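What follows is one structure encoded as structure tokens, with my remarks underneath.
By written order: A, B, C and D. Residues from 1 in each chain.
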Amino acid sequence: MELGLIGLGKMGGNMRERLRRAGHTVIGYDRNPDLADVHSLKELVDALSGPRVVWVMVPAGNATKATIEALADLLDPGDVVVDGGNSRWTDDEQHADLLGAREIGFVDCGVSGGVWGLENGYALMYGGRPEDVAKVQPVFDALKPEGDLGAVHAGRVGAGHFAKMVHNGIEYAMMQAFAEGWELLEAADSVTDVREVFRNWQQGTVIRSWLLDLAVRALDEDEHLTSLRGYAQDSGEGRWTVEAAIDNAVPLPAITAALFARFSSRQDDSPQMKMIAALRNQFGGHAVTQAE
Amino acid sequence: MELGLIGLGKMGGNMRERLRRAGHTVIGYDRNPDLADVHSLKELVDALSGPRVVWVMVPAGNATKATIEALADLLDPGDVVVDGGNSRWTDDEQHADLLGAREIGFVDCGVSGGVWGLENGYALMYGGRPEDVAKVQPVFDALKPEGDLGAVHAGRVGAGHFAKMVHNGIEYAMMQAFAEGWELLEAADSVTDVREVFRNWQQGTVIRSWLLDLAVRALDEDEHLTSLRGYAQDSGEGRWTVEAAIDNAVPLPAITAALFARFSSRQDDSPQMKMIAALRNQFGGHAVTQAE
Amino acid sequence: MELGLIGLGKMGGNMRERLRRAGHTVIGYDRNPDLADVHSLKELVDALSGPRVVWVMVPAGNATKATIEALADLLDPGDVVVDGGNSRWTDDEQHADLLGAREIGFVDCGVSGGVWGLENGYALMYGGRPEDVAKVQPVFDALKPEGDLGAVHAGRVGAGHFAKMVHNGIEYAMMQAFAEGWELLEAADSVTDVREVFRNWQQGTVIRSWLLDLAVRALDEDEHLTSLRGYAQDSGEGRWTVEAAIDNAVPLPAITAALFARFSSRQDDSPQMKMIAALRNQFGGHAVTQAE
Amino acid sequence: MELGLIGLGKMGGNMRERLRRAGHTVIGYDRNPDLADVHSLKELVDALSGPRVVWVMVPAGNATKATIEALADLLDPGDVVVDGGNSRWTDDEQHADLLGAREIGFVDCGVSGGVWGLENGYALMYGGRPEDVAKVQPVFDALKPEGDLGAVHAGRVGAGHFAKMVHNGIEYAMMQAFAEGWELLEAADSVTDVREVFRNWQQGTVIRSWLLDLAVRALDEDEHLTSLRGYAQDSGEGRWTVEAAIDNAVPLPAITAALFARFSSRQDDSPQMKMIAALRNQFGGHAVTQAE
């Protein structure tokens, strides 16, 4: 089938390639003309036969919103827009309403798989009305991994991004789990070769997982990770997961710990620990470490 | 080769079976005569030709200590004792010293794999002197999973149990990660079929893992886990992991959160939350919920 | 001076009393006619001479919003509305804009002190333009505690509720601190009389505080808090504190732990711990506790 | 009465002074001859009339152990040793047994009050047999604050240090509470003058406390704590509190969060966050920050 694809960055570009390998016709637009097949949204829309499916793969927030608003003016009733970016699930209903007012369908789709998706396929979680999802199905089928699993219609509009958000929340805590264990093994002097322990955990253990495989890859590149700083970004989904939990009065201690560890990692110096140091000095005369 | 195996419970019994399938001669002792091949430790020792390898697979703590003390009196110089139970790594050096005084070798071995180990093999992490490990190697080779991985000589005496302990600490936080995500998906009304989301996460996602596969199995047996109580034991390794982290000044927020969640799960009513309720009532006149 | 006071519940009623004792004229309105001095907002507004100050002390959210919207229609330019309820700081700017469009001033005021405020005075944190604050100042002076402290102009509109919100976040973690310590002392068998330890901590220690005094009061009423259930509500400010922290990438592990402990306390059974139990059963054949 | 006091550092020196002001005779020994009244433990013991009371105020661990062993050889039946240092409660029973074998009494005493104790008095929590405590009572009465509170016989040997340990655990979480709140107020731009908010919280609020008073003192010396590094030591009691909680299966999320925050504050770079960065790079191609 034909697909319009907006956003040809690291993710979008690989997705175009995987879809073309599967025999689909992909017309791609990107603000960067070197990446693009067409050079305006209008050109993209004109190049597609109806009912059109247009997949938006741009940064969450204003960029996605502006793109969807522009598409609302260009598309026709019966067309479908897919938001495959990392949008907050609370944005989806607004986008669906905007498009729905013009009888344009909307599907939100969380996409997992990173740089490995081109070869391995992308895990997909999507939300929307069945009739809209049906129009995108051949694209989902081409993007997903081989086998029976890896793509799920999670519910109504918003459910795809919600499921992907929770996936990422789980991912945060799993990464933190391996990171904590690795630091402890490196800090204690009991285990001689931590990397070999990680490597052998890949078979037969309870914790075998793709993230463990990736940890071994990383340690094979740099056994003690000495070339890296302990500095980790967060991309929105972790924060939203905690906020959704608060809205639902669900305790998420491990996922939140993982999020806060990332926040701390980005502070050159911790303001709260300055206050701890100041209080210790006030009551106990404990020495404080002066800032340089 | 010949192996003496002490402790033929769920784990030990399956290990005997896997070793026999691999062609080894296993003489098993258990306090339960229905399970045992021989009916005393002395009989077990007498039945083995030297240099003997005796694998202890009994509960950590006093049972393991008593067994090793008894073996110290029965075995000969050059024999080797393997502690394959869930002993605390700090016990290993004492056991090694006790046996070493009689020139008996000691190897500690953490074993992962649970009820799946019989078919899939057991992941093994062991510590000890190379000459002692060498005597046990055919047994390790038969117990481990197919393939190159799943068994590692982690370092000196104690390193095997230390590595297994950290494995279990990581396992605690990974389980907590999936549990938190599942509760959030069930609590929010966005995703229609949480089980199908979990099932499809098994391919293409960042969080694909054996624990995820097991979660899907559990949900297939009982979609909303309504037949279970939210009550989780802990087995020692989680506690020891946190204590080892404290000894090394390593922060373990996610693993500790997972441990504390299990503690809380076993309280019929939370004493600390009684105090919170009492304080709210004191300053704000907030209603309290009376105990029945 | 004259004050219109809307909402005469536990807090509002006591504040009216404290203001009257200080010689101010308070005209109170409440939906409950038994509590009210006047029987409609219109009557309240008509009874006040301008420039009027009207203090809103009703539940945060829709009730506060509706009251402010009604006042916008009834008041005159130059009048001032004070929101003394537990509104989220993000509501304040909207309310200020709504009133400002009619040249009515707005001050948000966080109020601490609970049932003790009538006698001890209320701590006040307020935000708004200096000219609006000035019109309310005599009311603030009468409500605040004796002495130099206890009332602060924290900044622009929203700053009062923001400061009060953080106060409550700190309060959550302080309460949790005492609750955790109390549970540990009660659980261990080392200390014979936990209540006497708490009582004596009230002098000379680093942790002496009003909350400690209240804990002693509570223990004097019920030494082991046996009459209470470990069930704690949360009132919004704790959640908003965590959300504000997420917005600012500030790690709040202790405050968040306190919030999550309250969430957990309200669950009859923990869904996430059902999943932990299910996973342990899957890989280890560990016994699970069946729901009754 | 007469007291032998061993250890005349910051705490011990001030305690000697407070006891002398109360009319007691204090004979002090310290390895530093400039601080000492006598120049050996033997000289100290010889200078006291029996039944002697000797207060040990030296660093916990080996120094305390060695001092008590030396006193066991020097003292007579009926004498009493007080350990007023920050010993782990698990050491107390051993020390009591050692001394008890020679019919010398033992009392463990946790002391709170820091550099303020000289003027304000020290809060005291002690454990031991009533007959031993009775011999020390005049010293406790002189050290404690004015008023009825501040000194408590908490139970048998070990109970004093246990109670002090939990006091410090609570203190950790309370300090963390204020530190988190302060960082959030400083990070958000809503509140104009955070220090004035803290100052005014000292009256009428739920969180008024000595630690809040000290925070205001610290901010008065350095409004934004710019001269300090966010680097906080921990002194043992926080760690032991968490370990005692683990032994008793008591969840301590806030106290543990406070302990871990201190651990993190002392790391130049976080190993675990290197692993997080490495994993993000592996699956997502996310940029990593190179170590310099």
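Heads up, the rule we're going with is that a contact is a pair of C-beta atoms (placed from the backbone, for glycine too) under 8 Å apart; a residue touches a chain by one contact, two chains touch by 3 or more.
All of these numbers come straight from a predicted model, not from anything done at the bench.
Student: Higher C-beta contact count, A-C or A-B?
Tutor: A-B
Student: Give the label of the chain whose average Cα location is farthest from that of chain C.
Tutor: B
Student: Determine the centre-to-centre distance between chain A and chain C, using the mean Cα coordinates as centres, and give it in whole Å.
Tutor: Going by mean C-alpha positions, chain A sits 37 Å from chain C.
Student: Measuring centre to centre with CA averages, how many angstrom lie between chain B and chain C?
Tutor: Here chain B and chain C have centroids separated by 46 Å.
Student: With centres defined as the mean C-alpha position, give me the chain A-chain B separation in Å.
Tutor: Distance between chain centres, rounded to whole Å: 33 Å.
Student: Which residues of chain D are in contact with two or more other chains?
Tutor: 114, 176, 178, 180, 183, 187, 206, 210-211, 249-253, 257, 260-261, 264, 272, 283
Student: Flag every residue of chain D that touches chain C in the complex, lowest number first.
Tutor: Touch residues, chain D against chain C: 89, 112-114, 117, 120-125, 127, 144-147, 149-152, 154-156, 158-159, 162-163, 166-174, 176-178, 180-181, 183-185, 187-188, 190-193, 196-197, 199-212, 241, 244-245, 247-255, 257-258, 260-261.
Student: Can you list the chain B residues touching chain C in their complex?
Tutor: Residue positions touching the partner: 10, 114-116, 175-176, 178-180, 182-183, 186-187, 210-211, 214-215, 217-219, 222, 225-233, 253, 261-262, 264-265, 267, 269-286, 288-292.
Student: Okay, in this complex, where on chain C does chain A touch?
Tutor: Residues of chain C touching chain A: 206, 239, 242-243, 246, 249-253, 256-257, 259-261, 263-264, 266, 272, 283.
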